[in-house]
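Take this structure first; my questions come after.
Should a chain be cited, it is by its letter among A, B, C and D, assigned in written order, with residues numbered from 1 in that chain.
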Amino acid sequence: MLEGIFAPIPTPFVAGAIAWDRLQDNVYKWSQTSLAGLVVLGSNGEFPLLKAEEKIALVQKVREWLPLEKKVIAGTGCEGTEEAVELCREYARAGADCALVLNPHFYKESYGDRALMAFYLSIAECSPLPLVLYNMPRNTGLNLAADLVIALSRHENIVGIKDSSGNVVQMAEICQAARADFAVMAGSASFLLPALAVGAVGGTMALANIMPEECGAVLEHFVAGRLAEARTLQWRLLAPNAAVTTRWGVAGLKAALDYLGYFGGEPRPPHLPLLAPEREKLIAVLKAAGL
Amino acid sequence: MLEGIFAPIPTPFVAGAIAWDRLQDNVYKWSQTSLAGLVVLGSNGEFPLLKAEEKIALVQKVREWLPLEKKVIAGTGCEGTEEAVELCREYARAGADCALVLNPHFYKESYGDRALMAFYLSIAECSPLPLVLYNMPRNTGLNLAADLVIALSRHENIVGIKDSSGNVVQMAEICQAARADFAVMAGSASFLLPALAVGAVGGTMALANIMPEECGAVLEHFVAGRLAEARTLQWRLLAPNAAVTTRWGVAGLKAALDYLGYFGGEPRPPHLPLLAPEREKLIAVLKAAGL
Amino acid sequence: MLEGIFAPIPTPFVAGAIAWDRLQDNVYKWSQTSLAGLVVLGSNGEFPLLKAEEKIALVQKVREWLPLEKKVIAGTGCEGTEEAVELCREYARAGADCALVLNPHFYKESYGDRALMAFYLSIAECSPLPLVLYNMPRNTGLNLAADLVIALSRHENIVGIKDSSGNVVQMAEICQAARADFAVMAGSASFLLPALAVGAVGGTMALANIMPEECGAVLEHFVAGRLAEARTLQWRLLAPNAAVTTRWGVAGLKAALDYLGYFGGEPRPPHLPLLAPEREKLIAVLKAAGL
Amino acid sequence: MLEGIFAPIPTPFVAGAIAWDRLQDNVYKWSQTSLAGLVVLGSNGEFPLLKAEEKIALVQKVREWLPLEKKVIAGTGCEGTEEAVELCREYARAGADCALVLNPHFYKESYGDRALMAFYLSIAECSPLPLVLYNMPRNTGLNLAADLVIALSRHENIVGIKDSSGNVVQMAEICQAARADFAVMAGSASFLLPALAVGAVGGTMALANIMPEECGAVLEHFVAGRLAEARTLQWRLLAPNAAVTTRWGVAGLKAALDYLGYFGGEPRPPHLPLLAPEREKLIAVLKAAGL
């Protein structure tokens, strides 16, 4: 069901409000690439800073503007089980192909595997959309362990995982033991090739917003058995990937989009836009990567 | 402005909806104690599982039911700066005395001191209510460092901090260097006495829901210079405190309330209620503590 | 058996070798203070950088030079059970009063409570010296949990703990439930007063090398019930304590000693001595603290 | 210089003393495999529990018993710069091919990149043996960051790294930017294939003690471009690898050797041997992996 490279798109703002026309332009540009689809309301979409109505409208609009052969994955990103179910229903009405469901994480010490299992199974039962698990320990402080993911893969409405942990051993364990058609997606371009090596079938990664073809080429080289080419390209992705993720985050990704002819704009507070010297360093990294 | 012992009350649910009558009964009982006030929508209030309308209604009702000589502190608990400002305004209309403002935390790597400073100062400028900072690293994965808190204490609309870190060195640093009337409140009964020793003026702590007089007595003994009595009582609080916080969390606090004649009920999913054997162990702890 | 303030002394080197005459001068100076004793080969003694012969000679010499009414505590600091036993025997021959025994920590994942219990009980059985447990999670990456310490306190040859964790809840739990005469010693001046508040009987702390009387006065004020004075003094210790511990470590402590008329000298590699600007900042901190 | 699969061998003890005859038998067996060489005194060698004389004798004996076409890498594993230099000299005399040099780690907060750089460069200058860096954050609590490793790779006497971090992004960064012939070796079989994918040239891994041919076959398949075969085999290594590393550690590895006809024996205290039920579970894992 899932395969290929997806871009988790940022939400463009002008004067604090969603800039629909800028979004439409961006979506048009991404639609001209080889991307398999877009993730609306992944972490780069700033979901914790948006209202439910904004989230639903975003999914609806992106689905409207993106050609149907490309998938739309819609992120829930909420703590409550019931709220997640409601969003899945709204996203289904809005035309999304699947829901990307982040685990709850505020009450870390209370969320053992029993609670996480119940959370995902409740949603899987009620959601009209197939679910993709979303493991993002750097932001959530919780990891979805291999055994939990493997158990969840037995539910037919749970079709894959975006794993941003960077833990390739865990990814290998999941690939080995999960349901055969369960899709493991690398959650960052920084470990795309090693994830593919152990069985991932694609990725959803910030860098795909600005280097969609290069991300796609790693996958293509790998599938065709051109390991040396894949490796050289993977190396080239490291620096620009760090720039728009761990180093400068969402604000960095938006600044990179601005530099590359997309609309990036400013993130919502409490995010801060890049300072001028940060922006210069970022652009230097992009130039060095051939952009 | 702040002083004494506050209970961060849980939100009672029946069949998933807020049980207003049960809440009213609970508030009445707490109003008969020596508590200085109630915190509505602290972590024990399950704020990440409530809608904005529910949050505002909760503050309004508790203010209505609680005698005016007791304070109401209302927790914002949201990621966005603008959303926090809106809540502060609504809470002011609802009659709250101050707002307890948790730091944003999802984009941990992007929230340096500059972003956190801007977040709090923006809210302090716009909020009709005085702010109490809320530091809860175990849940958020971020710590509000002493230097940041000291700098924020210079703003006249930032009046204190609930520090749940348990880091008494940090609390001492804040007490030493913050604005003279800036209130440091212990965020857990487990370190109430040592926090008082370095300059805290009270606390807001889960245990105060079920042992309000004992928490108050630690403070009283301390103020009166009866250190030995304070220490013996502090020791007695350790086990029941762990039971309703680190060990069994919100579900444990609710089960303890049920056992003690308040209404606790079930937490909202993804929280799970205690299993029967957990409940028995909890009750054994409470009994051993003389409850 | 243990009580009061102890200084964990650094080992002085000249041209890489132990500078015995400088050490003798230092010991003489410390002997003129109100310190209850010295800890030889605590973390500040750079024990991981010394050979067994050097360690034994250090204990012997310090015991020789320090008046008998002051205690000598000798640190083992080694990973192996047998090596620790051997050192305890040698330290007994060298005249030490007790052994400070750090937990093993390299194979963290293998050292559950069962292994740590066996480690300490084996040594307690064989050691001619009474043992003081040494909990130093910031350096070891392992914490000696309250339950383990309480269980170990049942052995008559285990007489106390130096707890450098800063976790006052844990210290309170130990004070409440350990053998009545089990001595809990604060492992840093930064939390001396709060540790006393929950039941500690003294401390062994880097800062006592350079501010022995001030550390002692916190204890004295506390015992006499002068809480306000104790608190003001505790606050004054915070900045110089950070300077010679978390901020600049052993090299900082040595530079502070040099500044204050003791011999500090350079630490052993891989420790680096302070750079000139670091030294200036350190001295500014000391001056601000009235030194 | 380095390439292929190395086994970091455990040190066999009988009644607490090194069992030289058992070691000789084991070495003979390993010499009949396709292993590229042995690591003496890696973490599995229990180096923190051995005296310097024992360490030197071990290297000497293994070199004597191992055919010369197979390499001997000797681990230093000590905190002091000078002690590490001395061991390198002794290991050179004992015939080792290179030294595996763990970073110092007790004074974590004092060991910034400047101190670690000085540590390694001092040793590289003085050591007659080429150095292999050893990054083992799970045990040391410190990570050798990519930038540091890349800078160290400029020194001609630093020839590679054993990276046990499992961080494939970091390995990719090192492979991309380090000296062309700098050897990155996977530090665990659990991520051998993904490490190879980003540029590693082999590995030194606990599992190679008991599954040397299977570890070697992953490398062979990879080099020959048989990715599917490499992946299937990599998956098969996951469970037995966990059993002899993260799950049961050195004691588990020794129990596995005993089961497979090598001599394992008991680890030195504070290590505990496996309990009977643990041993049974371990053997079940080995059987399930076809051993």
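Basically, a contact is a pair of C-beta atoms (placed from the backbone, for glycine too) under 8 Å apart; a residue touches a chain by one contact, two chains touch by 3 or more.
The model shown is predicted, which means the values in this text are computed figures rather than measured ones.
K.L.:
Which chains lie in contact with each of chain C and chain D?
P.N.:
none
K.L.:
Quick one: report the Å distance separating chain A from chain B, using the average Cα coordinate of each chain.
P.N.:
Going by mean C-alpha positions, chain A sits 35 Å from chain B.
K.L.:
How far is the middle of chain A from the middle of chain C, if each middle is the mean of its Cα atoms, in Å?
P.N.:
Going by mean C-alpha positions, chain A sits 49 Å from chain C.
K.L.:
Mark out which residues of chain C touch at least two other chains, giving numbers and ranges.
P.N.:
As it turns out, chain C has no residue touching two or more other chains.
K.L.:
Taking the top-of-page definition of touch, could you list the pairs of chains it picks out?
P.N.:
A-B, A-D, B-C, C-D
K.L.:
Please name which positions on chain D make contact with chain C in the complex.
P.N.:
Going by the criterion above, the answer is residues 16, 43, 48-49, 79-83, 104, 106-111, 114-116, 118-119, 122, 138-141, 246, 249-251, 268-272.
K.L.:
Looking at the complex, which residues from chain D come into contact with chain A?
P.N.:
166-169, 172-173, 175-176, 188, 190-191, 193-199, 222, 225, 227, 230-231, 234-235, 238
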